[in-house]
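Take a look at the structures listed below.
Each of the next two complexes has chain A plus one other chain: chain B in the first, chain C in the second.
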Partner chain A sequence: MSASDPLSGSTDPKSAGASPGSLPAPDADALAASGRLDALLAPDRKAQLIKGVIALVLAIVVLSLPFQYADFQLDRFSKVIAYAIAAMGLNLLTGFTGQVSVGHAAFFGVGAYTSAILVNDHGWPLLGSVVVAGLIAMAVGVVVGLPALRIRGLYLALVTLSLAMLFPQVVKRFDWLTGGSEGKPLRTEVDLGGGVIKPRTVRFDPPFGDLTSSQWTYYVFLAIGALFFLVAWNLIRSRMGRAMVAVRDNEIAATSSGINLARVKVSAFGLSAMYAGVGGALYALNEGNIVPDKFGVEDSIYLLVAVVVGGAASLWGPAIGAVAIVFLADLVPEDLQPASRLIQGVLLIALIIAAPGGLTGLIKRGQATVTRRLRSRSASQDTATAPDTRQSPPDSNEPSRTQEETP
Partner chain B sequence: MPMLLAFDTAFLLQRVFDGFQKGAVYAMLGLGLVIIYRSSGLLNFAQGEMAMFSTYLVWALVGQDAGGGLNVWLALVIVMVVAFAGAAAIQALVIRPLGDPHLNPLAVVIVTIGLYLAMHELPALFWNSANHELASPLFGRGSIDVGGTGLSYQTIGTVALLLVAAGAFWALLRYTKLGLALRAVSTNAESASLSGIAVQRTLMLGWGLAVSIGVVAGVSTVGSLNFDPNFMLVVIIYAFAGVTLGGFDSPLGAVVGGLIVGLITETLPYYVDAIGGEFQLMPAFVLILVVLLVRPQGLFGTKEVNRV
Partner chain C sequence: MTRSRNWRRSRLLAGALSLTMIAAACGGRDDSGGDAGGDSGGDTGGEEAAGGASIVDTTICADYQATAGVTDDTIKLGTSMPQSGPFAVFGGILNGLNAYFDYRNADGGIAGRQIELVAYDDEYKADRTSDNVKKLVEEDQVFALVSVLGTQNNVGVRDYLDEQCVPSFGVATGSPQWGEAAQYPWLQGGIPSYALEMKRLVDYLEEEQPDAKIALLRQNDDFGDAYENSLTSLTDANDMEVVAIETYDPQSSTDTKAQVDKLAQSDATVFVNGASGSQCPNTLKFVPDDWDVLTYVGITCNSKLSLSLAGGKEEGIISTQPTLDPANAEDQKEPAMEEFLTESVKHGLTQDDAELGVAAIGWGFGAQLAAIMEASPELTREDLMKTAWTMDGEAIGLMRPGSTLVTDGADDPWLLEALRVVKRTDGEWVEESPLKDYNGESNDFVG
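For the complex of A and B:
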């Protein structure tokens, strides 16, 4: 038996379970006898436990943020959530379906402006505007997705890049609706009592308790973010999710195994745009004022960066990436500020060449290395205590025979 | 720009001249895009920003006041050589590790867009990024009178440069060993390699050529006008529109497509109110979309065949 066997056996419990049937019986008995089958499976449970603990700690940290930071910081955390939702959407399209979009800020902007127009001009409830923003962005996404049926790869990147450059111009063109380059405020009229009605920048007021509106906004955004995460989580494990990955990996093979390419691509586009639209709407509601230049190429690139930095085709990646894009600019020292985008560009190139899987990819790789190290160490300990079981299979039959006789 | 009430021939003529001036720039950038597409098989989104940075280098060499620094043509040639080396280095360092661009479009997009971000910031790092102007533009500041309209030396010069660049490129592909190698590599890199062509070195040369043509495009764009690091941001989309129209792998297409896009974007917005003012990108966007949908190979390109 080679040293790599324990690894492959344990990472895939099915094959470990199947091995007693497929391998010659004595060998399997040897495994069972030395108690290594259990040993092989145990680290997985341990890993799950560790994962659970990490998730719990993360959840506690995330939920307690509102009580540790001032309101203006919380507004930035809320912005992170808005970007994370949009990045999650882009990830469904780019990471899982393999369609590169450099124009997602346009969908983000469609959502933001829909929400702003509904709330400011028509007095809609905030969450209602988010729903409509998502739906309208989805419709736009489907329309943009139709050409993507014929335009692939780099050409699609070109089309979406020009879409990203076009969007701010569209907003400025229809300034009677969008406020043009002046920006669009999000205000609601508030009855101050005594018949005095004053416009006020929108915010989420907590229906109960004594939370500030920033704290409440954060929780509302967090809940929406969690909901969309769950949807994505379930989606990629569904038939649709597998079809998306199949399309990404090989369109021709996917088609020949019965996948409706057009339906998968257009749905992925629509869904992805809906995420971006909802993210944009939340962004607008959080900022209270939006300007067209926040939805241009640069912001599309930021979303793409969030996906790539976090790790394309990883569910957690976009969240990590969104944190990175909102706070990365702060990390750059004051005197290097002019070069911050230069640094970003260089980092980006270095990252894609050195770690194509992004940060989550790096973590996974690190994890694999560590477990491999740990395993090989425990394996070598095994070898030290019972060298025969590893080196010479014929000898290893002896303990198994004794075990067979004992019952 | 206000909508014209009466038809004005001199105005139209002016627009057409401007169209040729802009179109020639798009065509030169487009030639670079075509060279890179044909050799490496990818779309270089950073082409415009590379040209922008090179223009700053030329500006720095020429100096602040006329006669102070180098002759502008000498500066242009020096920067073209520098850009050639720089682009070859970029190909070797960051493009080569990506492998086949069509297998992993995301990586290609990320790297070229990373270059775009980085290049865009470079001038601000070295120089005050406020508005600058070339102390001595390539073609002086005068113009000749054609039908009551000024046809500037810059327009004539830019179109002439385009013709020279396109002619030189055609001759290079047609008559030199390097051109043969470039064509071989773009047709089939593996066979080219088997017949003794140093594929990677040829690709480096391709990148070098492409970016040094971009230097000419950048310097011709700014002419005698003020410029800042943003002057190429949108231009690259027009250049892409031209290349899409002409066909991604056709040098002739890049020239014709670039000129057509220049004429469209400089005349149409003044006569069609719906796309006037700040909406100039619309025609370019529609053009890219329609061509890719209806005739993906463009006017002069070769049709892509998918093998299973």
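For the complex of A and C:
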């Protein structure tokens, strides 16, 4: 989050003018020698603990949502998860590999239509259709990734933009397969008793217990989302992940370090499209009806917004951004609905100004502040007992502020 | 070496791109007609013939709640329509609905109860409509929906409504799919079927131009399918002929000039302008002056508001009208229209809103629903729907005097089935051919 540091530094009144009386930072050797290192590390453990507690509370909240909200709200939460998986995929490509895609709604759409066609027309099991949707989207992603070998930056953005513009048109052309502009339902024939057989929207029915299908859908989506999160988490810590970041930061340096540029870019495109495809399939299964215009430029931009709002190159970011996609419009009061778009736009601009690193950037900054407070408090306690080590250790991330904040 | 690899790559890229282009270009709509309107006509006869009400069966509902949203003094209704975004102009319908319910509430309410209308914005996006409708049903617990707008949007929620057994009235599109009442008995169309519009046009041309050659500009959606299918099947049986058809995408940002130019090359004598929204008046501007043609615009395009965007090129065109026209001097003298013009401005509309025509549609939907609620023996969802499928009365609200309000379940699911033909003369619609009632026949012209 180095980009956000200068800004936060300058808005911090304490750091505006470096206090002339501030002492030079002691180096780590000196601290270790002083035998106070353990005591100074304690705040870090405390911060770790706080982090753990927050994560636990979040997990409990996320897991208990189905028992606190009505089914229609749960359907929207499930939609958030579907978008989050797609945004996670876009983040792997844009945030980590540095390849901008303004066409990810097309991959999302490929997944959605694959799932809809398999389930509605061929009676496939729901989860089976998700797997195939992911694979087909991946194949499309690899094909689209090929131009990315030759072009970059704005030009790549334009190529992917045209993909987003084309996709709804292609879907409308093949209306015998896709249902055309009216949309494609996901239905099965259900025997309602008394000899009445009617098509009903497909849904995930719980195999046991008395959860509603909306509650169960949410848990299924949550499990799939967690799985894909873990895969991404492991991936960016792997050799492949480092290669992706290297390609983003400097292609020439990456190549000269022996990274196969073509392989990394195409894999990133394929992988990213697979995430989008799976997200799209879940979206379709949750909505029960999809329309082609849902998968055009506008929604591609929404996915980018999710990545940026959440925080690019952060694993949690897209999930938070996906919440924004679904609920941003709800923030606008009913009386102001005619100006809904304008207000959403203003909110976004305000957010980008307040938090250039996205919401995760904001959270990290908050975290850093808390850690700093804890440290300076323990440091001032130390001052009372050990006057020669009044200063907290230099933080490798934020050396200047740690120093200036110390009394 | 490097060059040849680059060459291969760029060929691959070119190949991949051109494949996508080809995919976009071919395809075609050959099979499109079959699925949409096919099952609405014939197969509804047998078991449902006993009476229109029998199509309503609450035993198969997921969780039937007979009187949700109704208390001793209030009835809660819900709607979802665009109030922002490119289709925000249709939000005027909501103003009309609000004005109508406000007017009735001040006068003691409907069925002795005050009406409360909950409205959400969906920007004309089907997925948001679906979110809104679920919220209206599950959280706001509305008794019924009114005037949900858009074919995609209604198709997207009708399965859900059918499962939950929640009535939806005054569906604000004319898709022939609303004729599938046997399949979807909880949803009733609020304006005439697009297919019926074509029937009225062809009947008019029968008198004026029995050998008309017709050029059609259509949208690449259900609305376009409806116009094309009914027009081609209606002209099969007579001396008329559809000589040219051009399609455009209402969601794209390009205009219809190229399509109109092509149509003008044909020897057509009648031009059916099947565009909607602001593209419809825009299309009128593109009709070349040397194309000697009689132009028709649809019901969704003939309001004063819409034609004010045609830049004077609307003179001499024809259209059809199922309802009174708030901008027409003759119609303004009708009692129902007088009531609308005087009362609506007392209850929230401006004089302009009232005359531009969009709000009048909402007022009409409000009156339709009020009539159904008042005729319902009890205020349960089942009785309401059964009443709606067995209407047998005269014109209500802003329907043209002389038309009937008759339904009979799957055999006759349409409320508005009487149309007159009008011609734009000196900035006003003037009757060309009188009101003709096709009661019970709307499903026959789907094609």
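Here is the rule we use: the second predicted complex is superposed on the first by the 316 of 407 C-alpha atoms of A that agree within 3 Å, B and C clash if a C-alpha of one lies under 4 Å from a C-alpha of the other, contacts with A are read in each partner's own complex, and residues count from 1 in each chain.
Heads up, the rule we're going with is that contacts are C-beta pairs under 8 Å (C-beta built on N, C-alpha and C of every residue); 3 or more make two chains touch, one makes a residue touch a chain.
None of these values were measured; they are calculated from a predicted model.
**Q** With both complexes overlaid on chain A, does A:304 touch chain B (first), chain C (second), both or neither?
**A** first
**Q** Scan A:153 for contacts with chain B and chain C and give back first, second, both or neither.
**A** So A:153 only meets chain B here.
**Q** First (chain B), second (chain C), both or neither: which does A:312 touch?
**A** In the superposed model, A:312 contacts chain B only, not chain C.
**Q** Of the two partner chains, chain B (first) and chain C (second), which one does A:200 touch, if any: first, second, both, or neither?
**A** So A:200 only meets chain C here.
**Q** Please indicate which partner A:341 is in contact with in the superposed arrangement: first for chain B, second for chain C, both, or neither.
**A** It touches chain B and chain C both.
**Q** In the superposed arrangement, does A:287 touch chain B (first), chain C (second), both or neither?
**A** The second partner, chain C, only.
**Q** Identify the partner contact of A:356: answer first if only chain B is touched, second if only chain C is, both if each is, neither if none is.
**A** In the superposition, A:356 contacts chain B only.
**Q** Tell me which partner A:76 touches in the superposition: chain B (first), chain C (second), both or neither.
**A** After superposition on chain A, A:76 lies in contact with chain C alone.
**Q** For A:166, decide between first (touching chain B), second (touching chain C), both and neither.
**A** Once the two structures are laid over each other on A, A:166 reaches both partners.
**Q** Name the residues of chain A shared by its contacts with chain B and its contacts with chain C.
**A** 147, 150, 163, 166, 169-170, 172-173, 338-341
**Q** Can you list the residues on chain C that touch chain A in the complex?
**A** It is residues 6, 9-10, 12-13, 16-17, 20-21, 23-32, 36, 57, 59-60, 83-85, 88, 91, 120-121, 123, 125-128, 130-131, 134-135, 137-139, 151-152, 155-156, 159-160, 162-163, 183, 220-222, 249, 251-252 of chain C that touch chain A.
**Q** Which residues of chain A touch chain C in their complex?
**A** 70-73, 75-76, 143-144, 146-147, 149-150, 163, 166, 168-170, 172-176, 180-183, 185, 187, 192-194, 196, 198-201, 287-289, 291, 293-294, 296, 329, 334, 337-341
**Q** Which residues, counting only chain B, touch chain A once they are in their complex?
**A** Of all residues in chain B, those touching chain A are 42-43, 45, 94, 97-98, 101-102, 105-111, 113-122, 124-125, 129, 233-234, 237, 240-241, 244, 277-282, 284-285, 288-289, 292-293, 296, 306, 308.
**Q** So in the complex, which bits of chain A are touching chain B?
**A** Listed in rising order, the residues are 94, 98, 100, 102, 147, 150-151, 153-159, 161-163, 165-166, 169-170, 172-173, 252, 297, 301, 304, 308, 312, 338-342, 344-346, 348-349, 352-353, 356.
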